[in-house]
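Notes follow the structure.
For clarity, chains are labelled A, B, C, D and E in written order, and residue numbers in each chain start from 1.
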Amino acid sequence: MPELITLLSSLCLLLGAFLIFSGGLGVLRFPDFFTRMHAAGVTETMAVTLIVLGLMLHSGWGLPLFKLLLILLFVMITGPTASHALAKSALHGGLRPLGDDSNNERH
Amino acid sequence: MMQSATQLLLLALVLPLLAVPGILLARNQPNLREAISLLTGAALFIVNLCLFSLGEGGVVLVEILPRLAISLELQPLGLVFGLVASFLWPITTLYAIGYMRGHDEDNQARFYVFFAIAISAVMGLAYSGNLFTLFVFYEIVTFSTYPLVTHAGTEKALKGGRTYLSLLLGTSIVFFIPAMIGTWFFAGNLDFQPGGVFGEEVSPIALSVLLVLFAFGIGKAALMPFHRWLPAAMVAPTPVSALLHAVAVVKAGVFSVVTVVVYIFGIDTVAKLPITPFLVYLAGASILLASLVAMRQDNFKSRLAYSTVSQLGYITLGAFLASEAAVAGSLLHIVMHAFGKITLFFCAGALYVAHHKSQISEFDGMGRVMPITFIAFTLGALSIIGLPPLGGVWSKWFLMMGALDSGYMIMLAVLSISSLLNIVYLLEIPARAFLKPAPEGATLQEARSSSVLAMTITALMCIALFIYGSDIYEFIRSARLT
Amino acid sequence: MVRARDLFATVMLSGIYGLLSASFFILMDAADVAFTEAAVGAGIFPLLMLTVLTSVGRYEAERRRVRYLPLFVMVVLAGALFAAVLQMPPFGAVDAPSHGHVAQRYIQDSPAEIGIPNMVTSVLASYRGFDTLGEVVVIFTAAVGVVVILLGGRPKTPQQSTQALMAEHKVLRVVGKMLIPLILLFGLYVQFHGEYGPGGGFQAGVIFAVGIILYAMLFGLSNAQRVVPLGVLRWLVALGVLIYGSVGLANLVVGGEYLNYSMLASDPVTGQHIGIILIELGVGITVASAMVLIFFAFTRATRSRDELEE
Amino acid sequence: MLSHLAVLQVVVPLLAAPTCLILERARAAWLFACLACLLSLGISIALFMQVEASGPISYALGGWEAPWGIEYRIDALSSFVLLLINLVAAAVIIGANSSLTAELPEPRHSPFYVLFLLCFAGLQGIVATGDAFNVFVFLEISSLATYALVALGRDRRALFAAYQYLIVGTIGATFYLIGIGFLYSLTGTLNMADMAQLLPGLEEQRLVAAAFAFVVIGIAMKLALFPLHGWLPDAYSQAPSMATAFLAASATKVALYLFIRMYFEVLGQDAVNALFPVGKLFLLLGAIAVILASLAAIRQNNVKRVFALSSVGQIGYLVIGVGLGNALGLQAALLHLFNHGLIKAALFIAVAAVVCRVGGSRLEDFRGLGRAMPWTMGGMVIGALSLIGVPLTAGFVSKWYLVLAAMESGLWPLVALVLIGSFIALFYVWRIVEVAYFQPRDGAAVSEAPLMLLLPLWAMALANLYFGIDTSLTVGGSEQAVNFLMGSRP
Amino acid sequence: MADYYNYLIVVLLMVMGLYIVMAQGNLVKKLIGLNIFQTSVFIFYISTAKVSGGTAPIVIDGAELYSNPLPQVLILTAIVVGIATMSLALALVLRIKRAYGSVEEDVILEQDKSC
């Protein structure tokens, strides 16, 4: 049983790390603001969730588990909100997604 | 007896200062104000006479650092100087009353106030018990005479004042202070004592350096090349010039030089120093050069100023000749020159106030307009030149004796040539005044009576000093100088 | 960072730099410091910077030149420093002199003398409690200074409601409403948990302040100021320092040295405990109110400029 | 309570500051600040006497003994400096109300008092503490308060001056922190006395040298030692006048105190000079500072700036005294530290009085003030004479010692330099006196400064005279301090 | 050399920060440089505190070796001091911008000279 949990937790952590890496790559390589934000946003929610999950599995019952749970909740609420706010203010600020030809100006 | 000496010394210091609030309170009542000045002056002279009769005593006022105190001490040199200064103060005041009123000057109260402070400082200087005290009062004299020099407040006066202050303070900061601190450093104290304060172990080189620092540091002695302040100070009102040249400032300077030579170094030490001949020749050069410059001045006061530079050279020369006769001679010259020169300045002021003439070339025939003035002038001039029957002859005589004693033959020549030059540039003035024709429509018009009275007194004193000159000399010689 | 002309990017980078150093501090076993650095270096500092940028403009003037004199000085300095630090005790050495002398006592005796497990808090609040008083006063000074520089002596809470920064963001507002109580709660937790784990008055103060700042950002400065008026904040800033200082004075009264809490109760350890809780409270109050005050002052200053321009 | 005086000295103003903020009303804040400063002055006098009678006082804060807790140490040196700061602070705070009324809008008054008290407390903390890191904390308290005080100035230039001062000051403080970090990693302690005992015999001399360099450069920035003095003239001439009066008289003095403490006590003069001839470097820098700053002062048109530059020059004297390295030199530095504090306090309070009545401190604003404001200008002239070093003023005494010390070291050029410096001082000071007394005033009539400004001004002016005549306190105090420092590490 | 890796990085950061302060003309950027400079000192102190194999200085059962708490305490204070300084500096920058209309050093000096 402990081995299984270790395995699972390692898997989660690895996956999370991979997602973070790919997210970073995406932020660097994607063509415009909104696609980059997509990379960053997905990473933030998914990767962090995975990593925290991995850590939770690792930590066992106790106060740390509870704390991690809180962190998870917090990230899951704030992450998407932040992405949303960013995208909205970008739109508000005059930035248009790639392919939207109506007003394709870039900063 | 000591008790009363202490009190009298303090009184001499404080008495002129007591006049200050009086003058300030009475600043809108000229008569009262000047009466206060005069009375204090007379009282001060009496105090000095009392001090003279006491002859010795001293007081330590305050000890600033260990072995560094403000202290007063009666000694013969100081007594002579103190008497002269306190005698001439009321007389200058008397003269100033006439001058200032005749000239309708502003800020007269300020004038009398600083006049009084200056005299108080001169008293302190005369009765200093140590070098530090001397220095302090020396500086107070500088500061208190600065407002007198710039009295007019014009741009020219300010400029003259700037030169005056910067040269005097500059020399004292850059030379005098290090000399004083050096003395303290080598000797451990600054107390005046006959024979000097330095021990045997101090090297002659160090002493020479100190002596040079003192010679130049006491800028009021106007040893060339630090004489520029004196002509610059001629922007002052004439009573101030009289005070500067006869009583307070320059005499404070040369008195300091003599005191330093006698009581800090000791006559015998100075005589042996390798630097002394250099200083003697410098003083000699100062005498001759200043005389030559004086001949070329057309402005009356400038000529007198350079004459003073030259005469001060006599006194410093006497000090550096470093024999008892020469030192006594130079001290005597302080007295003689004081009376002579003050007379000359009184005359200059009188001419300026009464006729607004300040250039010598304008004096043609003025002897008939202002006979008393020019007679007084002639007497003063003769005294300075050193002709009998006037006081000046004694001091020159003893100075020459001193030069002989010390073996500086060449100085005899210098003194003689200088006397000749004196004749040329001083007697030219009465000659013009009496021999050239008077200006058109001139009538007899003297300056105000108080001014005339003052110059008469001083001129007569020049004659009196011829009679009592040797007594003063004896008094000085009776004291322990080495 | 040196070369970028876009100040916005620079500020963001320096925020990341702050976060990185915080992570580094964790690696170095300095949990409390990491906590603080995260709050300050990645939180407050970029926040203030951004506020300033809204006023001073995002781009700096075109300038592309290397200053040689500073460069030279820096190269020399770096060389000298390299030479010097090579004489430092090796990194991580157990027997370095700095670990032996004074620190040893903190590690060995503080649990018994102070009675709390977090040595950093013990040292901070008790052994070197006076430093911490100084630290609080520094924050206090900064708050007073910022307010007087930006707003002039005695600012009044504005009457008319100005438009909120993010009025159009409904999602944000809702999420914010959810989060703010949590943040404040967390602040309280950090405040009183500092003796056992990382945390303490300063960190709690910052977190508390962030909650209020968030409120101000979402619902408008004037609404926030209605909740915590400037006058009250001023009062609170001073109060925190006074609490801290008076604990010290109270010690004098009961006969101990200044800030010697042992006398506060019959048992020294209990006394220390009480003292530390009290002073941490003081720290928390001053820090929270100072941070809010500084933020308010900054936004007010940038805002009033905008109003002037319109 | 008497045994707690050491800490109360700092805590009183420190806690008075927030109380002042709560008081809000300017007048109440002022009165309270006055009360705190006077109380503090009383404490400092008591401490001075206590130290003189029974030697250094050590106070363990929090009850934790020396190397573990923070120690307050009041010895001959610190009690001497504390006395100066307190004298100046009391004088300044009494006059502050009148001066501020003319210079700042009313709502800024009470923050001014708060910042003033903080600065005051910070400076005292630096002096009182025996802990190297605690110094840093209090250094920053005083510095932050100072930046804010400077920024209160009326002109917009005050802002930029404050900013520059902030940059330099922060770098300086951080340098100091780095130096302390090195020392800590070598010795494992932060207590100065403890450090002083552990430092000799260490092998890592390069690191000690680096530590010293950082500490000294850090302090030199605060001290405005040439060539790191750039911030000072701007900051001092732009700050509110009374703030300048306080800062000029105390802030740089405290920096010098810290410097002396580090150089003579913690690191040890001989040990440092064995690594690098620092003493000679100080002499050189001091000499350059004296000449350059004095020359620059002559050309200024703003009187505040003249005096500010003169401060840079005077710091040169102080550093020369330290650099000479003999007992007399150190004593000269300490004496000048004290006396120059009094001088600058008098001068800047006088300037504050002028600004209060005339509204500016340019040279032409001083026209005819000799007659219009006789008491103010009288006090100023006394301060000016003391600055030049005229006998019977405090300035003379310190110059006397400095010259003696230079002679003892056989450095005659230095003697000349000190005197030439005084000579130049004469020029820039006299320009002001001349304008005030001998140029007529045109424009609106000006009345004499308010009594509350004249009072501290004359207190300082008379102090200048008093300490020029009765030197037992200053010379005795500095001598004790020198014996203490030189004795601790012969 | 590996033993000193941390310190060398610290030195690099330190001089970089200082260079920015000295060479940059933009007042905001100077402050960023100052921040880097200060943070480098924090890193330095914290590095000296680390003991290999030690844990954070919070008492846990079984731990024998703790890192040094003292530098951490000092740096806690220093961080606070740092942010206090920064906020004051930024406040000044805001006011300078309002008074001069610029935050470039040379523009400001130019304006001061002309008036």
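Methods note: a contact is a pair of C-beta atoms (placed from the backbone, for glycine too) under 8 Å apart; a residue touches a chain by one contact, two chains touch by 3 or more.
Values in this document were obtained by computation on a predicted structure and should not be read as measured data.
By the document's definition of touch, common neighbours of chain A and chain D comprise C. Chains that touch both chain D and chain E are the following: C. Closest to the middle of the protein, by Cα centroid, lies chain D. For chain E, the chain whose average C-alpha position is most distant is B. Ranked by the number of C-beta pairs in contact, the top chain pair here is C-E. The chain with its C-alpha centre at the largest distance from the centre of chain A is B. If you average the CA atoms of chain A and of chain B, the two centres end up 98 Å from each other. Chain B and chain D have centres, each the mean of its CA atoms, that are 44 Å apart. In this assembly, the C-alpha centroid of chain A lies 30 Å from the C-alpha centroid of chain E.
Chain B and chain C have Cα centroids separated by 74 Å.
Multi-chain contact residues of chain E (touching two or more other chains) are listed as 14, 18, 48, 70-71, 74, 77, 81, 84-85, 88, 92-93, 95.
Within chain C, residues 81, 85-86, 88-89, 96, 98-99, 102-103, 106, 128, 131, 134-135, 138, 141-142, 145, 149 each touch two or more of the remaining chains.
Touching chain pairs in this entry, ordered by label, are A-C, B-D, C-D, C-E, D-E. Only residues 74, 77-78, 81, 84-85, 88, 92 of chain A touch chain C when the two sit together in their complex. For chain C in complex with chain E, the touching residues are 1-2, 7, 10-11, 14, 17-18, 21, 24-25, 28-33, 36-37, 40-41, 44-45, 48-49, 51-53, 55-57, 60-61, 63, 66-67, 70-71, 73-75, 77-78, 81-82, 85-86, 88-94, 96, 98-99, 102-103, 106-107, 111, 117-120, 122-124, 128, 131-132, 134-135, 138-139, 141-142, 145-146, 149-150, 196-198, 202, 287, 294, 297-298, 301-302, 305. In the complex of the two chains, the chain C residues touching chain A come out as 166, 168-169, 171-172, 175, 178-179, 182. Contact residues of chain E toward chain C in the complex are 3-8, 10-12, 14-16, 18-20, 22-26, 28-29, 31-33, 35-36, 39, 42-43, 46-60, 65-77, 79-88, 90-95, 97-98, 103-104, 107. If you check the complex, the residues on chain C that touch chain D are 80-81, 83-89, 96-103, 105-106, 126-131, 133-135, 137-138, 140-142, 144-145, 147-149, 152-154, 234-235, 237-239, 241-242, 245-246, 248-249, 252, 256-262.
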